[in-house]
Amino acid sequence: MLTNLLIFLPLIGALVVWAAPLSRGETAALAVLVALSEVAIWVVALVGFDFGSASLQDSAQREWFGDLGVTYHVGFYGFSLWLAGLTVVLGAAAIGFGAWVGRDRARAYFGLMLFLIGAVVGVFASQDLLVFYVFFEAMLIPIYVLVGVWGGPNRITATVTFVIYTMVGSLLMLASIVVFGLSQGTFSLIDSGTSGNEWVFLGFMIAFAVKAPLLPFHGWLRTAYTEAPPEVAALLSGVVSKAAVFGLVWIVLPHFPGPVDSWRTVVLVLAAAGLVYGSLLAFRQPDIRGVVAYSSMGQMSLIVLGIFAANDLGLDGAILHSVSHGLVSAAMFLLAGMLIHRTGTDRFADLGGLAKGRPALATVVMVVGMLTLAVPGSANFAGEFAILAGVFTQGWGYAAVGAVAIVLAAMYTLRLISAVLHRARGEAVREESRDLRLLELALVVPLVAILLALSVWPTAISGHSPGLPTQGSSEATP
Amino acid sequence: MIAGAWLCLLAPLAGALLITLAGTHLSRAAAGWISTLSVFVGFAGALVAFLQVAGESADERSHTSTAYTWLAAGKFQVAMQILVDPVSLTMMLIITGVGGLIVWYSMGYMKGEDEERRYFAYMALFVFSMLMLVMGGNLLLLLVGWGLVGLASYLLIGFYHDRPEAIAAAKKAFLMNAIGDAAMALGFFLLIAKTGSLDFSTAFDAASSGQLSPNTANLVALGLLGGAVAKSAQLPLHTWLPDAMEGPTPVSALIHAATMVTAGVYLIVRTHAIFEAAPNVQHLSAIIGGVTIVVAGLIALVQWDIKRVIAYSTMSQIGYMFLAAGIGAYGYAMFHLLTHAFFKALLFLAAGVIIHHLAGEQDVRKMGGLRKVMPYTHAVFLVGALALAGIPPLSGFWSKDGIIASALAEGGVLGYTLLVLGLLGGFLTGAYTFRLYYLVFHGEPSELVLEHAGGHMHEAERAHGHGEHAHGEGPLSMLAPVGVLAVLAAIGGLIVIPGLWEPFLTWIDGVAEPLVTASVTQDYATSAAAVALAGIGIWLARWAFVAGRELVPASALRTVFEHKFYFDEIYDALFSRPAQLVANRLRDDVEVPVVQRSLGEIGTGVKEAAGGTARLQSGLLRSYALVIAGSVFVLMVVFVAVR
Amino acid sequence: MIVASSIATPHVDWLALSPALAPLAAAAICLLGAVLVPSAVRRGFSVFVTAAGFITSGVLAAVLFHRSPEVQHLISDSMTRDRFAALTQILIAGFGLLAALVSFGDRRRDHVGEYYALLAAAGGGMAFFVSASNLMTLFLGLEWFSIALYILVALDTHRKESLEAGLKYLIVGSFGSAILLFGSALTYGATGELGFSAIRDATAADSSLFVAGLAMIIAGLAFKASAAPFHMWTPDVYEGAPTPVTAFMSAATKAAALVVTYRILVTAFPEQAEIWSVAIAVLAVASLVVGNLAALAQKNIKRMLAYSSVSQAGFMLIAVAANNQIGAKALLFYLIPYGAASIGAFAVIAARERELGREVTLTTLEGWGWERPFHGAAMWVFMLGFAGFPFTGGMIGKFYVFSAAYEAGWWWLIVIGVIATAVSIYYYLAVVRAMYMRPASARADLIVAGGSPPSDPALSVAIGAAVAVTVGTFFLVQPLIDLAGKAADSLPF
Amino acid sequence: MLGPSTTWYVAVAGVLFGIGTTGVILRRSPLIVLLSLEIMLNASNLALVGFSRHFASVDGQIFAISVMAVAAAEVCVGLGLIVAFTRRNMALDVDTLTELRG
Amino acid sequence: MGNVLVWIIWVVAAFACVSTGIAVISFTNPFYSALALIGNLASLAVLFLLASAEFVAAAQILVYAGAVMVMFLFVIAYLGGRADAPWAGGPRWLQLGAFVVGAAILIEVIVALATKASGGLSSDAEISRSFGSPAEIGKLFLTDHLLAFEITSIVLLVAAVGGVVLGMKTLAEDEA
């Protein structure tokens, strides 16, 4: 019931927001209200969640079409509940941002945002392959328009590239789903067994590699993240990319043990390469969103490293890092949006010196920056550490690459921080460019606060994700 | 005791959070007070804990307190726990004690700065981080503290964020430390892979019981050494430290002299079990220390910036500590750490008083004759300088002497080499310290000094915002901590003397049993040699000053020293430039043309194919019929053929 | 000696014929109306009658479906009474109804009664066509609705495009019919039989004459389904025809042609399945490739949708090529959202066309989605439906088609279908792109003729119904697939 | 059967069908194209009648008669169109019908 | 010997059939083409007769050559037969393609026939006297092929409507 509510409240909210003849302000208020209730529902689900149990919880099931064994089946495991939580929180922040900026065509805008949230939550809740596919694809619909309508000057190229890229991936996945589901006789993620078919495996892998993105599949990343409105970019990098994490953890690992083993090295090498590649490129980007975009690519590669580490250490780390990376990259995009709002640009060449006289802005950017580079003690650090410690067992080289990436992350983040905050005042920065106001703080600070709380107690996530599939090794979360 | 320790850890954190959250609702002075008080509260906590632990018998002095599981992933678990034992207590006392004094001092030094509140928040954060480092009850928490002090250091070096040099220095410091962190982390990964845990006890037991293969032990120790070298600014990862002098002077005193940079020494002492399982690496650390002593001393001889001289001196002194830790004289390493904290903080703070007085001037060539203008400062600086040079009975003598003696006791090629390096270092210390001393305090007062004499307010100074001078030389909040430190620098070394209190060395030995102990004879011999060499150095400095000559005459050698042995240039050529080059090439030759444009190419290709297909649809009715008829024919042929 | 009295008139199953007869009756009434009803109310009268005819047809087909659990061959096997046909007849009736509603807003002044009569007649012809079960009735049913469509396409005689399209359709269509006919003749020659089941039972199964005839029959039917390479009339005709006619053709003709293709192939030529399934698969691939590629290059929306319908035919041919029960289900299911989306999309185009008074291209659609939110959102739904996005039946349809292909072992067809879908997304979303992402053009010639656009409740109802079906088929899969399954059981797999 | 066997009938039918096809593709006048279509239909009729005789089943003949009617219907519509063309002053040349293309 | 006569008639008719067919597609003037088609239909009727399809042959003459072609000629006369050289205009490959494809299809049909002929088309079935008689055909049209009969009428009706609406001048055309 809770799960259904969590999925369908925003979807229905989207319809209402879109259809109801409300003014811009009322629409925004309604959307924010829905988003906040979503958070509240999630909190209720969290409180009632039994992390000690490894079974599906808050599940709901309904016949959809039985002749092929497809059921509407949703519910949460520990790890997916966290991902859903990430979604609702970031969703609320993004919608709040949209309300704050005052996006025009409010009804369409907020409707699509809510729709996106519902779809992503649906992805994380689905326990049937086709249901998963439905939500996985449904995410694209709002993103396509959100980027295409409210994005930057190059938005159409960006959104088309993004959609085509991801569709190619997910349609290959559809082919895999058909083959896998029919050969298993059921599309249920819980009931179906394992498959050794590498082609089917690759269909899934490519879809998730595009979504994440992994190294050669990231062509959409730069334009999509920079042309999208900042709050949409926040959701893209924060939660949409995590759909790949869910897919890898809950579809690929448990159902394709054989192919996972034989392709592990390839995936790990790609991920390691992507980690360095993304970090290096992030180092040479001329604007905030470019940096965060490639940094996201690097961090997602890192998460994939953890997922393919073949042990629970890496896997738990990957889940933890998914949540913390989601929060931090979203916060970064929102901050970029706020900067753009007051200076009209996020290019480093035009920024600078923003720390002077803007303590709140300086503090928030600094904190988020430090979390981005995974300063030891942060939740990001904990996740990264667990991932690398996990993947170390697959080969010290991966961990060494990860260590290099730690340094690179420091390089690009510090470059970003100092280009924005420090040195002489940039051209685009006017004396009267304000410090962060209360409303803006209300958007970012909760994200930062959650991150800090997670930094104090990362086990909240990493130690509370039972229900993860047992792997080839004998290690299993009790 | 445990409560005291937790209080010690959390009080500065609370202070930092309070200042940050209160923001502009807090007055600037209040921020200073909160920061200072929080550190002193920490000191009180540490003191309580210290007294209790000191009252216990020697083998029961290690206490662990676990709050909760910090990180659990898979079977790997790390608790949020603190370890209270003599080593960490010593560090806690230094950090909070000296730290408290320095924060107190800052209230005067930073008065009128634009963003004081931020400064004090950072200071409190630093103290918390440092405490985390030394109190962390397992290797991961140690790494956490390790990283956090790097963060605080970055923040404080870059405090004057509108100065490009400051920002560059801050980034450099952070990056160097990140490299060290990465090295340490790699060592930890290996340790996790082998033992499944990062608990001190598990790791050390594994190391000392020989459960770790020599190879593993070497690699883990190398990782730890990498971290230690970076953090303690030892060769070759030292280049950030002199640049770090861009930060406010109290920062230099606290972070880049008294506490953070000595963390490497603490690390080696703490993980001595692992190093002992990897003797080669341990010896490597001693050699690194020895070489650093000399190299840093040589560079210090030609520096003109008052803080940079002291900074190189810091590198050099930490070299002694590494040397000691590397040969297993853990007690002396910790002891020198302690005394060094006193006299180096004293020197920095005294330099700060001068800089403050001269409205920010740091070039010693513009100073001179300050002895008359600032007698108090002159006195305390002299104490510090003598202590640094190792002149008895000041604190530096006791600790440095012990280290040199231990090198002698170690013997062998290694020991004698180290001995020579140590003694040479003593000579250099005397020389550069007193070169500085004479340049600053003796001779005729320079124009600049005269301008600022007598509390006369310069225009620029007023603009800089320095307020009233309660004393002729500076506000009380600055002079009082300096005084306290001067006393400590003078007498602090005496705690090593048996009978005064439980000898300091025994106190440490309970945690880290020394591998070498110098005999009394060796002790006296090295003492004599060291003091003599330091004296020669001092004399040489005086001679050069009086003669108006440079200690190192202009030569190729001097050029090498002035370019700090070209480390920056080498790194630039070896790492920075290639990294940037690779990144640029990736961006311009791979990402843009291949990854991004390839999609465009595919798109163009598809569109061309699309245009071609559409052009086939010529609108000519007859061609449609032709295509249909042709297709029917083909279909029929195929059907008949394959029938 | 045969005398008249000895002729025993066969029993006629009027219920089985009724779905075809109801629209035919409506057509007759409309024709009468064209003469008897005053011109002021003729349009309303005709639409009402046509709609009533199609509704009756649909209801009767539903009754027929209910009452025909067993397959029956009627009147010497010249037609079949089964659920496969009945379900298709329901669809055709639905499409016809929607097309009638879409037509209502078309303010034609000439031949109003005749227009609706022909529309109804074409619907009746298709309804009969899908139940045909010998080569003669097949050909005649085909000609019945084809001739009606030739006229409908050309009916806007004041538009040169309409005439051009009409003549092209007539000539190429007759050419196709001739091929089908010759194929029928050859098949007849090889077996001596006209009835589908009789052909199957005839022994001369593998003669070259027989397979040559089969090839020609496939070509003739593929022509009607506008499968490549027999599709070339499609874009020209779809573009030139009056938009409501295009809407009707794109949905109903395709449905009828594909369903009949499936029926004749599995009933009359099961022995040759190995040959024809490959051929159909090749046609499917060709349709997917050609349709998608050519659609990419289009600016005119009707033309683009025409090519899109070619590629959609490709998808449905995959289901035919699968030659299994799932395939038949998949085909029937696919037709529902496809037909609804297709009629709906053309209806939206009609709305724009009517308010603008000129052809609808990507350019003339710019910014329109914001001006007319209902039409914009509906168009969006239809495009998503074509592309097979979730929350539209199009996705489920594709899923079933792929499932059928998998069951048949055609995994490479799945891959090609997937790639084709990916390509198709570009042009489907191009419509959305134009409507929403480009600013409304300020060009004077794009300002709505005569101020505010005419209100057209019938069109809106049609669009709304199309949206409801497109989306509803996503949620109500089980009941629909059950129906499709029962219908598919009529075929002898 | 009187005269040659069915094969010959059908061969002639094939030839006629080919001629008709050629005509449709070759000629530009829609009138002649319509005539060519008639030839194609007649070719089918000849085949049907031939087969009908071969199998001694009248079905083929009945089919042929139906086809005649259909042919008449097509001609009717085609001629109507051609008249409409002329009325609108459009050239009677299918090659000029390239307004719809691409 | 009667057979010889039949053969001769058949060959003549077939030859006439093919040659008039070629004539139809070769004449420049549609009027001549139409006349040629009448000849074609007539020769076909002969072939029908020879194949025992008396009723079909009669219908061919009456319906086709009589009614349909007259309609054709009327229209051609109304339009004033315009010249249209078979080789003029249009791309060369199209003209070539027309012959190639036309020839290819007929060859294919003949090949199909030839392979079949060895199997089954050689021996004809016995027929009764009433075969192809109007009575039999009429009976079948009212029994087995009732539907075909009815549908044929519907097709004709539809076509008639079409002929009328397309041939009529409309209001909209006046304005266009």
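Residue numbering begins at 1 within each chain, and the chains themselves are lettered A, B, C, D and E in the order written.
We take it that a contact is a pair of C-beta atoms (placed from the backbone, for glycine too) under 8 Å apart; a residue touches a chain by one contact, two chains touch by 3 or more.
The structure displayed is predicted, hence computed values, not measured ones.
Chemist: Spelling it out: a chain qualifies if it touches subunit B and also touches subunit C; which chains qualify?
Modeler: Per touch definition, common to subunit B and subunit C: A, D, E.
Chemist: Most C-beta contact pairs, which chains?
Modeler: D-E
Chemist: Taking each chain's centre as the mean of its Cα atoms, which chain lies farthest from subunit D?
Modeler: B
Chemist: Which chain's C-alpha centroid is most distant from that of subunit C?
Modeler: Relative to subunit C, the chain with the farthest C-alpha centre is B.
Chemist: So, comparing each chain's Cα centre against the centre of all protein Cα atoms, which one is closest?
Modeler: Closest chain centre to the overall C-alpha centroid: A.
Chemist: Taking the mean of the C-alpha atoms as each chain's centre, how many Å separate subunit B from subunit E?
Modeler: Averaging C-alpha atoms per chain gives centres 102 Å apart.
Chemist: Counting in whole Å, what is the centre-to-centre distance of subunit C and subunit E, each centre being its mean C-alpha position?
Modeler: So the centroids are 30 Å from each other.
Chemist: When the C-alpha atoms of subunit A and subunit E are each averaged to a single point, how far apart are the two points in Å?
Modeler: Comparing mean C-alpha positions, subunit E is 70 Å from subunit A.
Chemist: Where the centres are mean C-alpha positions, what is the separation of subunit D from subunit E, in Å?
Modeler: The separation of the two C-alpha centroids amounts to 6 Å.
Chemist: Which subunit B residues reach two or more other chains?
Modeler: Expected reply: 614, 617, 619-623, 625-626, 629, 632, 636, 640.
Chemist: Which positions in subunit E touch two or more other chains at once?
Modeler: 90, 94, 97-98, 101-102, 105, 108-109, 111-113, 115, 121, 136, 144-145, 148, 151-152, 155, 158-159, 162, 164-166, 173, 176, in rising order.
Chemist: Two-or-more-chain contact residues of subunit A, please, as numbers and ranges.
Modeler: Subunit A, residues with two or more chain partners: 164.
Chemist: All pairs of touching chains?
Modeler: The list of touching pairs comes to A-B, A-C, B-C, B-D, B-E, C-D, C-E, D-E.
Chemist: Write out the stretch or stretches of subunit E touching subunit D in their complex.
Modeler: 3, 6-7, 9-10, 14, 17-18, 21-22, 24-25, 27, 30, 33-34, 37, 40-41, 44, 47-48, 50-53, 55-56, 59-60, 63-64, 67-68, 71-72, 75-76, 78-79, 82, 84, 86, 88-90, 94-95, 97-99, 101-103, 105-106, 109-110, 113-114, 117, 121-122, 124-128, 131-132, 136-137, 140-141, 144-145, 148-149, 151-152, 155-156, 158-160, 162-167, 169, 173, 176
Chemist: What does subunit B use to touch subunit E in their complex?
Modeler: 620, 622-623, 626, 629-630, 632-633, 636-637, 640
Chemist: Contact residues on subunit D for subunit C in the complex?
Modeler: Touching subunit C from subunit D are residues 6, 10, 13, 17, 20-21, 24, 30, 33-34, 37, 40-41, 43-44, 47-48, 50-51, 54-55, 57, 59-60, 62-63, 66-67, 70, 73-74, 77-78, 80-82, 84-85, 87-88, 90, 94, 97, 99-102.
Chemist: Can you list the subunit A residues touching subunit B in their complex?
Modeler: Against subunit B, the touching part of subunit A is residues 161, 164-165, 216, 218-220, 222-223, 277, 280-281, 283-284, 311-317, 320, 353, 355-356, 359-360, 362-363, 366, 370, 373, 375-377, 381-382, 385-386, 388-390, 392-393, 396, 399-400, 403-404, 406-407, 410-411, 414-415, 418, 421-424, 457-459, 462-463, 475, 477.
Chemist: Inside the complex, what are the residues of subunit E that reach subunit B?
Modeler: The contact residues of subunit E facing subunit B are 90-91, 94, 97-98, 101-102, 104-105, 108, 111-112, 115.
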